[in-house]
Amino acid sequence: MSSETNDIFSDEEKDILQEIMNIAFGSATADLAEVIDIFVELSVPQIHLIPVGELPDFLKNTIHAYDETVIVDQKFWGDFSGSGLLVLPSRATKEMLMLLADKEPEVSFTKTMATLEKESLVEIGNILIGACVGKLSELLKTFATYSPPRIINGSNVQNAFIKSFDPSQTAIVLKTIFKFEHKDLSGLLLLLANQESIGWLRKALHEFLESYE
Amino acid sequence: MIFSQIFEMVNVGIVILDKEFKVYKWNRWMETYGKIPAEKIVGASLFTFFPDLNTPSFRRNFKAVTTFGNFAFFSQNLHGHLFPFKATNTLGTDIKYMQQNCTMGPIRDENNIINYVYIMVHDVTEIAVYEQKLLEMNIKDPMTGVYNRRYLESCLEREFEIHKRYKKPLSLIMLDIDFFKRVNDTCGHQCGDSILIECASFIDSNIRTVDILARYGGEEFCCLLPETRIESALSTAERIRKKIEDHTFHVNKTKIKITVSQGVAVLSPEITSPETLLKIADSALYKAKEDGRNRTVTIS
Amino acid sequence: MQGAQIMIKKILIVDDSKVARIMLKKCLPKDKAYEIIEAVDGQDGVNKYREFTPDVTFMDLTMPVLDGFKATAEIMKLDKNAVVIIATADIQRKSAEHVTALGAFTLIKKPVKSELMQEVLAAAELKLSKLPGVK
């Protein structure tokens, strides 16, 4: 775990968090195979603690070639609040449509190709972000509510959501790479939460291990 | 007691389904707008009454909600509607179905197990109509009623991307009225405007619904033809040219005849930007003028 | 000797996460005294198996140095009657098929609850009782 600010989590908390991440994301991978009938692999997530002021640069470095990506952004609230970002290369849009369509997608009288593509991006984003946040919440005995996901351009990411973070605080970023099996297609999943959530998270981690049996 | 009253009185449709898609609860709003009484549908499968909902996408979203406890969203601007209810306040438009924003979410029991799913249905027809009007004001040319240049350029960009991804053909017709300045000088500006309006509607009636016709300049029109090859585009352009040539415009008891020059371009692998396609059509139009006007030219 | 009830005494837990090892230990039956050996990666797991010959081995899949698949294969080579139980969060069918082909006894889903642990241990004891030349 990268430790830009070492004192926020104790060593024990970091260990518990890492194992919770492993379980949540591993579990999400298994369930996704059932739910969307497609094998997607989620890598073991990396945990970063970043002062909010440094978030734009961190994101820029993480999401290479901003302009050629398409991003699905979704907010979630609860004890654990923040944003989920699904980052895909723009050329993946067609693949996403193919992934979900049960036959060759046809432009109908009411739906253009652009709409069909948007639909599938938003659906995949909703499911992947929901899977990770859902499993995490389940393990930590809480639940989240979600906003409708929306598509933002790679170059707009900084403006789009950084405003909801207090610049004086630290954000926690959980980063996973997801890969669709049998397709040369991979992207990035980022879960960002603000400092209040970190406070709750630390308590929940101890709770988790204490009451585990 | 309180909650069941709220459930029935609220101005939102609420359906509760069990994990087999059987209707568990159907509130008064759904009864009213769906014209299906609760006694009839409760206990039955949702798909018995709404077979069109039984799509892989609906089932997939439902499964995600029961597995992960997240929400699924069916937004009006992507889906139009989930439930095909008759629209009640269309504000004079010809919208047939109620426009809806729907949300699906989990319902948990005391042990936190998800056994039911709710669907909330919001009637957003009015908002959709206003949005549509606003959009039109923004993308249409107020005088002729066809699209404006800005909208055409954004469509061109979008179609360009789609062409690249799916390898579908794309053609462009650039059309300019010949000696329009002379027409304006002879019969006055209002007369010139009437001719532009009639010309626009002429062209419009000779193209398909998916084609995008825009007023590109003062007396210049541009037509984007998605999924159209050069032969088709040329034949459409020629048909337009001939019809305009043959037509007599009547303005204030004056008989006026006009002709148009056209440049046609088609997307090919060497063309790497939407602007280039416009340039090529423009060059073809220029050649049409140079070669004597009242003709259609394409540059291969 | 068929019919002799085998009690599990020695358990080897192989997982690179300390917390995961704690969690597994916590859900073991509290009324039995087990000798528990821990290993921090697949290679360490194989070495400790050789050294301590546990009755049952719990194995994680994603580990550095040597992963759970390879470590399971190694252990089965050392002892074809080894009882290796894979504990993982990602229980996709293809992983399950893969580990079964390698000789693993069963696959359990993390986080493991104590009821499941009891069932799995009982099943392991049953298998151990049926082995020829029971110790």
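Labels for the chains are A, B and C, by order of writing; each one numbers its residues from 1.
By our rule, a residue touches a chain if its C-beta (ideal position, glycine included) is under 8 Å from a C-beta of that chain, and two chains touch if they have at least 3 such contacts.
For clarity, every value in this text was computed on a predicted model and none was experimentally measured.
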Q: Quick one: point me to the chain whose Cα centre is farthest from that of chain C.
A: B
Q. Which one chain sits nearest the middle, judging by mean Cα positions?
A. A
Q.
With centres defined as the mean C-alpha position, give me the chain A-chain B separation in Å.
A. 32
Q | Inter-centroid spacing, chain C versus chain B (mean Cα positions, whole Å) | A | 60
Q: Spell out the part of chain B that touches chain A in their complex, as residue ranges.
A: 56-57, 60-61, 63-64, 67-73, 75, 78-80, 103, 105, 108, 112, 158, 162, 165-166
(Q) For the complex, give me every residue of chain C touching chain A. (A) 17-20, 22-23, 26-27, 62, 88-94, 109-111, 113-114
Q: Would you mind writing out the residues of chain A in touch with chain C in their complex?
A: 15-16, 18-19, 22-27, 29-30, 33, 39, 44, 139, 209, 212-213
Q | chain A residues touching chain B - in the complex, by the definition given at the top | A | 28, 31, 34-37, 91, 93-94, 100, 102, 110, 113-115, 118-119, 122-123, 126-127, 129-131, 133-135, 137-138, 143-146, 148-149
